[in-house]
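Input: structures, listed below.
In the two assemblies presented below, chain A is common to both, partnered first by chain B and then by chain C.
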Partner chain A sequence: MKPGSKLKSAVCDTEVMVIRCGEGTIECGGAPMGDAKPETPDTLSPDHSGGTLMGKRYVDANGTFELLCVKPGKGSLAVSGVALSIKDAKPLPASD
Partner chain B sequence: MTTAPAIPLSGSADAQLAAMATLTGSQEIAALSGATLLGERAALNDFVVPGRVSAGGGCRLLDTRDGHVALSLARPEDRALLPALFGDATTSPNDDEELALRLSREYAAEIVKRGRELGLAIANLDEQPVGPACRMSDDGPAATPSPRQPLVIDLSALWAGPLAAHLLGLAGAEVVKIESSNRQDTMRQGDPALFARLNQHKANVAIDLREQDQRDALIALIRRADIVIEAARPRALLQLGIDANQLVREVPGLVWVTITGHGIAGDAVNWTGFGDDCSVAGGLSAALLAASGTVGFAGDACADPLTGIYAARRALEQRKRGTGARLVVSMSGVVAQALAAERERDEVALAKSLQNWADARGRPFPEVELRPAGRVAELGQDNATWLEACWSC
Partner chain C sequence: MNIALFLEMAADAAPDRIGLVCDGKRWSYAELLAGARGAAKLIRESGCEHVALLDESSEAAVMALFGAALAGVPYVPLNYRLADADLSALLARITPAVIIGDTERVKRLCPSEANRVLSRSAFVTAAIASGTAAPTEGDEGEGIAIQLFTSGTTAAPKAAILRHANLVSYILGTVEFASAPEEDAALVSVPPYHIAGIAALLSSIYAQRRILMLPAFDPAAWLDLAAAERASNAFVVPTMLSRIIEAMDKRAAPDVSSLRSVAYGGGKMPLELIHRALDLFPETGFTNAYGLTETSSTIALLGPDEHRAAHASDDEAVRARLASVGKPLPTVEIEIRDEDGKPLPPGERGEIYVRGEQVSGEYKERSALDADGWFPTRDAGWIDEEGYLFLSGRADDVIVRGGENISPGEIEDVLLTHPAIADVAAVAIPSLEWGEAVGITIVVREGHGQPAEAELKELVRARLRSSRVPEKILFADTLPYNEMGKLLRREIKKLFAG
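== the complex of A and B ==
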C-alpha cells in the first residue's frame, strides 16, 4: 500500500485516499478495503457502522495511518480491527 | 528604487467600487480605490512584485511536463500531503528542489486533479474556471421592511469574506464577526495590520462549534441577520447543522453569500482555493504570460480583494431587490470576469499593464494610501450582547 492509493469499501459506498500508512489491514464496516468493489457486497458489521464523512481525514492513535474520505458511506474505518478517529480540520494559513 | 506600476485589474476593482458607491450613496465606499484594496496587504508588509513565488510567499508556479501549475503550501499540514500527491512514500515533504523535479515529471491536468482531491490548493495556468463569478438561487421570500440598521453576520476568515463584510459595514450595516473559539481567524495573529483594516468596527462573537447549544445560538443569531457572509465548504456547514438553502427559504429577505475557490458545482464543491492559486485558475497568469512571455503572479493574491469587493456589491444589489437569495461566489470566476471586463474595455491597455508588471519584478509594490485602522474587537468580546440578546428573543 502506498500513499495516494485509493481504496473502496467492500460493504458500502465509502472510498478513501491513503495519505499515510504502515503495517496493518485497512478496513471499512468490518471488512478489508480493496482496489475494487466486490461483485457482491459483504455485510456491514454493526460494530463498524458509524459511517464516514466526505472530506474528513481519519487517523489511528499513533498517527501511522491517515485516510482521506473521498466518498462517504455507512461503514466506519478501522485498521486491523481498531477504529480510526476523525482528525481535526487543517489549520488555515496565517494569511493567504 | 522606483515602485511598481499599477497592480493589474485595479481598474476593474475601481469600477466595482464606483457602482457600489452609487448604489448605496456611501461616502466611505466612494473614497476607496481599487489600488488601495488590492495593494494594502503588500504595502503593509513591504512585498515586492512577485515572479514565480507569490508576493506573500505561500504559493509558487512550477513547471510540469506540459505546462505550469500554481501550488499553495501555506497551511502547516499541506506538505504532509506531498507523498500522497506523488504516490511515493519516499517523497521528502520539505525539499523544494525535489518537489520541482517530481512535478516536472507529471502532467499538469492530472496533478491538479489529484491535488484537488487531496484538498491542496492547486491550479493549472492553462485552465478555465469551472463556474461563473456568481451563481444565484433566488428562492428566498421577500424582506419585511424594517427601519433598523441591516445586520451582517460574518462567518468568514482571512481576506475575501472579511473584506466583503467590512465593505457592507462601510455601506451602513452593523457587522458581527463570528469566530470558532477552537479555530480562530488565523490572520488576527498572522497579519495583524491587515486584520485590523478588514475587521475594524465589527463586533466579535466566539463560539465553540462543537457544543450543540452554542451552534443553536449561532443559528438563532443567523435568523436575525439580513446578510450572511461565509467561506466554508458547504459540507462543513451541513455537518454543523447549518443548512444555508433552508435558512434562505425560511428567513424573509436573507441574503446568504458563500465565498468559494471555484464554486459548488460538481467536484468543485470540495476544492480548496486561496488568493494566489485562484488568480491563476482565473487566467491571470496566463494573461501575464501572453503579454510578457514570462511566468509569474500578477498582484498579491488579488482573487481575494477582487472577490471581497464583488461579493459586497452583489449582496447589496440583492438586498436592494428585496428578496432573499443564496449567492455562491467563485474566486477563480471573479478573476476571470474581471479579466474579461478589462479586455473588453481596452485590450491593449490590459496587455500593457501586464507587460509593465512583469518588467517591474523584484521592485516594491506601488505605494498606496494606507487606510486608518479603527477599533478591533477582542475575540468573543461581544458574546454577551449578541448571544444573550438572542436567547431571550
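== the complex of A and C ==
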C-alpha cells in the first residue's frame, strides 16, 4: 500500500484513495480494505457502521494516515481498530 | 493519485449535473468524463508523448486535460498568441504529439509526420465516438500531468512541469469536494495555456461548480455571459477588470449582481482600480490570489474580508494591505531570503521562497528546488509584522547601483502617489559611474500636465534615499504589458537605449 493506491471495502460500497499512510491496517466496517472487493462481502461490524461521506478526507490522530473517500458506503474507516475522523479544513475563498 | 479522479468523482456523484457551458452548449459531468475517456483511448493509440492544445478554451480543453491524464501523457496547452518562429520552436520540442486546434498553423510550422493533428471538432467527435471504452487505470500520480512553457519575459521559454501529486495536493488543500451549491457558476476567461486557466477547471470541477467558459475575453461578452448565466464566481487578471469597469462606465451594464466572488491575480493590481471595483461591486467578495506556474497556482491569498477592511479603514497600515497578496495558504510555507539564501526578518525585502507539496519547482531540464525542498520564485517581496506578503517585482528586475540593490517596486510605489502619474515603471539603465542606475518611464494621468523632473526626483529623495533618485526620466503614452497584464520591462529598457 502506498499513496495513490485505491482501496475497496470488504463490507460495503466504500472506496478510498490513500493520500498518506504509515504502518497499520486500513479497515472499513471492521474488516481490512483491499485492492478488490471479495466475492461475498464480509459482515459490517456494528461498532464501525457510522458510514463514509463522498469527498471527505479521513485522518488518524497523528496525521500519519489520510484517506480520501471516492465512493461512500455504510462502514466507517479505521486503522488497526482505531477509528479515523473527518479532516477539518478551514474553508478558503475560491481563488481560481 | 491522478487528477482525472476529480472528474470521475464529479461524474460519480452527479452524472447529469451540468459541469460546463461553452458557446451555448451544455455538458454534464458524465459527458465530459466519457469524452475524456475516449480522448485517453485516442491518445494511447497514437503512441504520442505529449498532448498539445493550440486553441482557445472549449470543451476540447477539458477532454484533452483529463484524457491526457488518464493516458499518462503530459498535457501541454500552447500560447496561440506566440509569433510563428517562437511557436515552431515549441512544437519541435514536443513532437511526437497529439495536437488539437489550429491544424493549418501546426502543419505549416511543424510538418513532421510524427504528430497527430486534429481540429477542435474532429478531436471532440473522435473522443465521444470512442468514449464507450471501459475505464482503465491510468497514471498513478508519479508522472507529469502538465507541461507549461513559461512566458519567457526574460529568456527562452522554460518547460515547467507539474506532477499529478502537485496538482492533487493543491486541489485537496484548497477545495472541498462538491461544496458548490447547484446554482453556482464560475466564469472562466483566462486562456487555457495559463496556470490560472487550468486551476480554474480543476477547482470548479472538484467543487462541482458549473464552468462558464468565455473563449476569447471581451468586456461586453463577459458582462453578458455573467448576467445570462447568473455567474457567482469569476477569475480575472487586472487588465480584464479594468476593461470590464470601463465597459460598465460606457453603457448600461446588464445585471451582474449574482457575482458573489471575484478572484484576481496574474499581475499587479493598481490600487485605484481595486478601490473602484470594491465601490462598484459592494456585495462582491474580492480575493487576490498570488501564485506561479511552478507552484500549481495559488500560494497566498488576500480574502474578501481583508479587502473590505482595508477599503473602509482610515488606518494607513490597514489600508496598505490592499496592495498585499495576503497570507500563505495553510498548506505552504513562505520565507523571504537575502542573496545568500539567509531568511530575512519582517519588513525586509528579499526573494520569495516557497515550500509545499503543491510546489513543483521543476523544469524539464532540472529542478530548481533546494536540498530542503524550497523553491526560489525569483519574485522579490517582503512580509509585514502581521504576516501579510507584499510583492515588489521580479528579483531579476532588481537594479544594482554601485553594489546597492534597489527594487523597482519601491520607487514605483512612491511615484504612484503623485496625482499626475497614472502608471510608472523603474528599470536598470547602464551607468558609467555606478554600473547601473535608475531609469523611469512615466504615463501622465489624463487632464494633468507633465510633472517637472526636479519635482519627481525630490519626491523620491524625500521618501526613499538619494540612491533611488532616477537618473533618467522618460514619458510615454502607455507602458507595454503582455496579454496577461505582465509588465514587459525589457521593452522599457529598450526605450532608454533608443
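Assume the second predicted complex is superposed on the first by the 89 of 96 C-alpha atoms of A that agree within 3 Å, B and C clash if a C-alpha of one lies under 4 Å from a C-alpha of the other, contacts with A are read in each partner's own complex, and residues count from 1 in each chain.
We take it that contacts are C-beta pairs under 8 Å (C-beta built on N, C-alpha and C of every residue); 3 or more make two chains touch, one makes a residue touch a chain.
Fair warning: this is a prediction, and the values are worked out from it, not measured in the lab.
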item: Touching partner for A:46 - first (chain B), second (chain C), both, neither; value: neither
item: Partner chain(s) touched by A:90 [first = chain B, second = chain C, both, neither]; value: both
item: Chain B versus chain C as contact partner of A:71, first or second or both or neither; value: second
item: Partner chain(s) touched by A:20 [first = chain B, second = chain C, both, neither]; value: first
item: Chain B and chain C footprints on chain A, overlapping residues; value: 3-5, 17, 19, 54-55, 68, 70, 89-96
item: Touching residues (chain side chain A, partner chain B) in the complex; value: 2-5, 17-20, 53-55, 68, 70, 89-96
item: Chain A-touching residues of chain C, taken from the complex the two chains share; value: 1-2, 5, 8-9, 12-13, 140-142, 165, 172-179, 186, 196, 199-200, 203, 207, 209, 233, 235, 261, 263, 265, 285, 287, 289, 291, 297-298, 301, 303-304, 329-330
item: Chain C partner contacts - residues on chain A that touch it in the complex; value: 3-5, 17, 19, 54-57, 68, 70-71, 89-96
item: Interface residues, chain B side, partner chain A - complex; value: 41, 56, 58, 72, 74-78, 80-81, 83-89, 91, 114, 117-119, 157-159, 183, 185-187, 189-191, 194, 233, 235-236, 239, 270, 274-276, 301, 304
